[in-house]
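Okay, so subunit A shows up in both of these, paired with subunit B first and subunit C after.
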Partner chain A sequence: MSYMRRISSLDKIYHFKTEMEINAYHYTAGPIGTRWLEALKNGELKVAKCNKCGTRFLPPKLYCPKCFSEVSELESISGEGYIDTYSVIYYNDSGERMSEPVIIALIRFEGIYGGIIHRVKTDPKKIRIGMRVKPVFRRDKKGSIDDIEYFQPIE
Partner chain B sequence: MSIHKLGGTPLSDEEFKKIIKEITRPNAKYLMSAGQAYSVFFEGLRRGKIIGTYCERCGMIYVPPKIFCPYCFTTLDKWVEVADEGKVVTAVASYYSANMERLKEPQIVGIIKLDVPGRTFTSYRFPGLLHRICGASLDDVVSQRIFDARVKARWRPSEERKGDINDIECFEVIKT
Partner chain C sequence: MSQPVVLGIGYSGFQPSTSHYNIREMIYEAAAKAYEDAGGIDPGSDVDAFVSCQEDFWEGISINDEFVPDQLGAVLKPVYTISGDSLQCVLSAYSMIRSGAFDIVVVESHGKPSEILTMRDIILMSYDPIYIRPLNPENVFVFNALEAKAFMEYNKIDREALGRYVISSLRKGLRGRRNPYASIKNVEAYLEEEYVVEPLTKLDFAPYSDAAVVVVIASEDVAKKFSDEYIKISGVWSVSGTSSIVYDDLREDTMTKIAARKVFDMTGIKDPVREIGVFEIDERISHVPLMVIKALRLSEDVNRDLMMGRFDEEGDLPVNPFGGALSEGNVLEAHGLARLVNAYEILKGSLGSRRYSDVEKILIHSRRWPSSRTTTLAILSR
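Up next is the complex of A and B:
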């Protein structure tokens, strides 16, 4: 009983262009996330640490991903990590070819559960899994993951 | 900032202003297809006609048109042109525009049951068209005088019509 007649011509179908009327979303990061972002603002990449089981993890969350107990501590790390997986992106969000490709990678750190996803600045031909990287911070920081401009390979 | 056992972390307006936030504006653009039946309806509006479909089985008329009858589950492919004149079934005074802006003067909007040539008003069921009603006052709505008022479409000049619902500027009250 379904309506199976095929649309013969798309010209006959009306369409309307609209835009989402929302101005902006304001997200807060929660108690631990806020402190983590404040650390980023000071140019420091920290990890969350569970007091109960000792798991150190990223991204920071209020509850430990392993034992579910409440987390209230952040710990400093050297910031040196490695590329666990990556993707080279040639097209932007609207599908246009970019002048330079962007590399997005999952960056993990030795002894840390989880990791963060961020840009890596290097030649797409030279990138490889396991490559050691470190964060490069922006000069003007505002307390955002974007305060890290990109990760760069350690020579 | 205290960590509560339950219910998250409440923030006062002052705290919310000061706290680090991630502010993003979604780049959300939509291209909405009107579908087969509505496309015919909009094309009709461009030509100054109000077009609907009707169900041969139960007699229901749909304006704007549907391609299936939700009462009989049958396919509808019979078209009917209805009058641009009818009666107000229900109306409301709104202090907000369609873009959620606060209005000083209320806008009267309502559901209009249009006349169908060759049929008496009570011989068909009709979901009706939702549109602005002009020439009605707030008092007309509050006193419910607007109900059952005769209205007629005020069309845009034909060269300005674009094939959307605003090709009808509003329904004008011709007799309360």
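Up next is the complex of A and C:
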């Protein structure tokens, strides 16, 4: 536009840098999520189960992802799953090379709808889709998805 | 029922940074150009309503809908804000025109990523706070990479084919109008790039651009009073998938598949390969257009067709023939309108050669960035 020509030098435009403190919330896990996280705290991996259609799924929700019924039941599983897809992080968000690459995978479990996204500890050259893995829990657990430190291949 | 048409377009920016104008000044520039392109409409007396697609976190302002009216000339008019990609706004405007209650609706969208200093934090905040976010991955695009990996492995798309897509698209961008990142590179250079998040390199991600786009949508009957150079919106449809990628298949783009069925039905398209002349597809992350090509059933073997150049400018299925987001940059929620602007210009004959002069229909696609399952498709036609 024509009045743009009046701007001869960019440093004449003022810019204001502001920082907003917005990253502080209480996130509610809800009744079924809380029980699921309590199970993790006990070193147990559970799945939600819909009593109407029988779908067993992860992560848990109060509503069935298949039939929309209310869900209240949790069921234990062995925790042994398989890698459905994965990625290896070689550079972080700031473009710096990672000293050690980190593997993140979507882990699925036989007969369970959904899955868990988590770290996998193994050689990035050896990882492959379909690889069988199991969770390794931290010693000091807090009732968080991070109570699982990582998944590791089943020998 | 009223036929919705694109009566005019205007834009500002499509530059890596636009430090001379604030975003509202960019919208004002885009709006003034769009109203002029639409035959000189007056927003005060001619426009019935305004729809804006934006996201508060990109703005750095909460409840940003309050800031929509002024720079569009929309004060004291109905204004709707959608937190989503701008093609979702086109669906709203289309529906409003079809209802007969509105004659002219203005759609606006913008993105000014150059002002965002905490992009990582905003993106991480878009993930589930209980089941995903605590992982706090060192690179937030790892979630996109999970999808890329699953899709490429299952559909046997190799790195060279993905590289061909990227390199071809960057070159096509040289012939476009809004493409600061268009460049000539070869596949060897792509293959030498290291993975950032396997299987994606930095060349697989569109860099950021600032832009504002305004589009005037009208019923055909009313449009005729202002101009006879308008483009029809024959159909538009949007599908939202699950919020959690773990519930998704990741091997195929179910959202596009369903949206395509609906939009082809709306427009009477039986054979998209023959009937659609150009495809304007979201390529902000390079594997996404390949998922869309597959979901639209344009190709049985995407890897082979990439190597054969079917999606290049001289191919029979030109995808983003004047460059897509890899060349123009990622303009956040304005991306869908960027695709629409290209389609509008191609159909009007103002962009490109005679190669595209007989194109009757163009499909446009946008998926909300960075990893939303909300996908919108539209068909524009002469």
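Going forward, the second predicted complex is superposed on the first by the 133 of 155 C-alpha atoms of A that agree within 3 Å, B and C clash if a C-alpha of one lies under 4 Å from a C-alpha of the other, contacts with A are read in each partner's own complex, and residues count from 1 in each chain.
By our rule, a residue touches a chain if its C-beta (ideal position, glycine included) is under 8 Å from a C-beta of that chain, and two chains touch if they have at least 3 such contacts.
A quick note: this is a predicted structure, and the numbers were derived from the prediction, not measured.
When the shared chain is aligned, subunit B comes close enough to touch A:14, but subunit C does not. In the superposition on chain A, A:25 makes contact with both subunit B and subunit C.
Number of subunit A residues touched is higher for C, counting subunit B against subunit C. Once the two complexes are overlaid on the shared chain, A:151 sits clear of subunit B and of subunit C alike. In the superposition on chain A, A:109 contacts neither subunit B nor subunit C.
Touch criterion not met for A:82: it reaches neither subunit B nor subunit C.
By the touch criterion stated above, A:117 is placed in contact with subunit C alone, subunit B being left untouched. Legend: residue contacts after superposition of the two complexes on their common chain; A:41 is shown touching subunit B, with no touch to subunit C. Once the two complexes are laid over each other on the shared chain, residue contacts for A:72 go to subunit B alone; subunit C is not touched.
Of the two partner chains placed around the shared chain by superposition, subunit C is the only one that A:129 touches, whereas subunit B remains out of contact.
The residues of subunit A shared by its contacts with subunit B and with subunit C are 1, 7, 13, 15, 17-18, 20, 23, 25, 27, 29, 37, 93, 144-145. Partner subunit B is touched in their complex by these residues of subunit A: 1, 3, 5, 7, 12-31, 34, 37-38, 41, 62, 70, 72, 93, 142-145. Residues 1, 4, 7, 10, 13, 15, 17-18, 20, 23, 25, 27, 29, 33, 37, 57-59, 65, 84-93, 95, 98, 102, 104-106, 113-119, 124, 129, 144-146 of subunit A are the ones touching subunit C in the complex.
Interface of subunit B with subunit A (complex): residues 1, 3, 8-9, 11, 16, 19-36, 38-39, 42-43, 67-68, 73-75, 99-100, 163-164. Of all the residues in subunit C, the ones that touch subunit A in their complex are 19-20, 29, 32, 60, 117, 119-121, 125, 128-132, 134-135, 137-143, 145-150, 153, 194-199, 202, 242, 244-247, 250.
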